[in-house]
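Chain nomenclature is as follows: A, B, C and D, assigned in order of appearance, with residue numbering initiated at 1 for each chain independently.
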């Protein structure tokens, strides 16, 4: 049953050293504020899971919080490299990073299988692709009716998943709108889950009976963190800061400038700092 | 690309003798008008697929249009038996009916696998249940990672699927709201598909970006048949006629009264007859 | 101060009492639906009711005739597709309690809703399993409500539609199931619970005015009674009036449309 | 009356022309996104554009920086979850055309976006495949846009991220794929198509003012030319102005936020 609490409490209670941690949000609704809190609480030895590591995991990797990462596309979208990720893989700085690499299709199916409490996912995938040669977690399964061979990957079952969403009600039911990515699956596949939200309201009022809702009994903690997805965005609340994504390239390219940025913006920061990004405006406003 | 046409044309062009035919709608949005048109056009040797045969397949079975049926719950919901279905299975009247019986979970997964272009579906199912002993299409598959054994069933891939929906736009894009059942999966799993709708409008205007929509290029034919789901219902348009479901018990219990009803209401009827049920009122109005 | 009540009312109310505020309950049609909604309208206002049509957190004002009546969607927190219902919510292990009924039950709480007679040449073709096979294995626990009759409580099932405790003992565990299976069978005369070791259904509570003889006469196997049985508390006025009100509203609604 | 244009503009416009009104197109970021939207804003107004973030039938006014910008959802017919996108729409076989780019390509249109150097000890760690492996196998056909350079068009790939024609010939068919694979590679200097038999990429069209020597110099393998090559028609004024307008709007939008 969802507990409505502070971000500090939610991370304290639900994220443990060594955990397999999934922080999802497909470009949209990335839970940056929660990522910063994990850095402040100095969690270590995390095994990170995320389709697109994005800046949020570049930050966790750069501070040395991660022992490994499972992912499917590790770039700065539309900009270029994730320099902290590259530095970890190419130069083992600040520590080696074990990687388990998949395709998007495989990751999406693996989350889906996790939510459905299946041990593995199958897909028509990886045909002729070299990933199957370097990742022992890509196997195959044979259709018992047709004999066709399909790719198989293990279901993703995180210890804890964290997502950001538009709003919750005071019971802890959550509404997600727009590009919903694999967020619902990430929460349902996990043992524990945290949802940070832009607003907590009296009535959830989904716009349609078929809206994407997570009920309170599928969530461990709900936290009010307006602006908590910045520099990602919240559909209906604020737009993606493409300018910040572009600026990150320079910040993260250099170890010292990265470390200075973390010190000034994360270690010396707090969840409330994100609120200034939560100015309500059309999500497509420039 | 969806063709907007009459019901007669849509059935003529898309439903063929011998086809595997799925008409879906989980209690809600059952395409009754289309079922009646199939009876009028005298299609034969159909292999019917539907989770809950409901009155619509009781009618098709009773007129002898079906050689077989794949299903998971064959009753009159809340009322009792489907007498035409029982008469076919117990007494082979008007002809024998080959049955392939599954659980709801297996059928739902099999549609899902069909929509996903997979040859089979897997589920944690049928454990200790006798259906697995009498249905050779229930097999198993072993997880290549954990060794766990799961139930496997063939994907459902109908020749043609038919559903009813609230509305379409003039391009043929379709919106479904409320209890959406397996309708989307049924359409995506099929080679051809027909959607009957309450309204055709200039702008689809889904209530949410995450509404349940089928795009025009996933549908063969869209037909305007207001009231076409009666005695089932259309969320936001008209309520289920529970009274008719209750009345059907008596109509269908007897071969002669059933045949007379078909003659008077189906053979002598036309799609436009359904319009009188399409009075706009709250779906939960009594 | 208690009124008169019928055995069916007692059954429904006894079933309602088994539910708690924290339950996430997969509701079948008929007696289960009445029981779950009486629980919601009395002692368990925060209970989550789920119908297999995809409606989650529904609060119907009248009982549905089918598991997919519009009322269920109109009053739900949200509604998902049927594949999602069976994959993420039921198989996902999110349901604490499943409520089943059936045409026939045996002493290990296995249920038959498929056929009387041989499967290939049935004497009576029943509707079939629907969601039951996977409800029985994937919910945390199962409650069953059925009127106690010789035709329903049988010595041998022609067909096991959904497995309860199978052949008894640790049969569920041997098949890899981690859920509890049927923990309570609520009838119009008494309440059964499985014996902790053998898993045979055992009478633990008799409704007011019901004798052991009556139960024996209406059960198709030599029925066992727990070492200590109790009398089921009679319905309270609130319970009865809530149940009768919802039944009356339901009757009016279903006959009208 | 034609204006001056850059090689990149020629590439984007040539790619746009390859698309039709009936296409359902899975769009990658960068050059593919520009090409698909130029097609939509010129000769193919009814084209369906799909981005892997789940947005279907999107009509962005500015080009997205990421595949999940809000603009894509705001202007889409509808938006689905990412598992649904990859299961029902891509794997489901509903996409006619996939548009890919890459860091490296070989003569059989296999692409590498994963690593330069050994996988376990990479010289350069690239972002990885994302959707590409299954886009390459599940779309009806694949178009590729990349600038023609020695670094990009290489004799040997260190890593096959997504398979094009593999080792050439009937390699795709031998692996059970029923889709066409790459049918066109559009560069800033020329257009390649696979040879009908060997499947080796072959220059079929040279952009205006480009010489065979230039192409040979910029291609990392001994490049083949079709028996008959043509000159790519230069951009029309409309094509150029549509492309420049959307690029200008995009630049303003991305720098502002």
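Basically, a residue touches a chain if its C-beta (ideal position, glycine included) is under 8 Å from a C-beta of that chain, and two chains touch if they have at least 3 such contacts.
Listed by chain with UniProt protein names: A, B = Glutaconate CoA-transferase subunit A; C, D = Glutaconate CoA-transferase subunit B.
On a predicted model such as this, the values are computed, not experimentally measured, just so you know.
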item	value
A-D or B-D - the one linked by more C-beta pairs in contact	A-D
Centroid spacing, where centroids are CA-atom means, of subunit A and subunit B in whole angstrom	39
Between subunit A and subunit D, centroid-to-centroid distance (C-alpha), Å	28
Mean-CA-position distance for subunit D and subunit C (Å)	57
Where subunit A touches two or more other chains at once, by residue number	117-118, 123-124, 148, 178, 180, 184-185, 206, 209-212, 235
Interface hub residues of subunit C, defined as touching at least two other chains	73-74, 79, 87, 91
Full enumeration of touching chain pairs	A-B, A-C, A-D, B-C, B-D
Residue numbers on subunit B that touch subunit A, as the complex places them	117-120, 122-124, 137, 139-146, 148, 150, 152, 154, 177-178, 180, 206-212, 235
Of subunit B, residues touching subunit D in the complex	1, 115-118, 173, 184-185, 188, 204, 206, 209-213, 215, 217-218
List of subunit D residues in touch with subunit B within their complex	22, 24, 48, 56-57, 73-74, 76-80, 87-88, 91-94
In the complex with subunit B, residue positions of subunit C that touch it	29-30, 52-55, 64-74, 79, 81-83, 85-87, 90-91, 110, 114, 119-120, 122-134, 136-138, 159-163, 166, 171-172, 175-177, 252-257
Subunit A - residues contacting subunit D, complex	26-28, 51-52, 71-75, 77-79, 81-82, 85-86, 89-90, 101, 103-105, 108-109, 111-112, 123-131, 134, 148, 178-182, 184-185, 212, 233, 235, 239-243, 245-246, 282-286
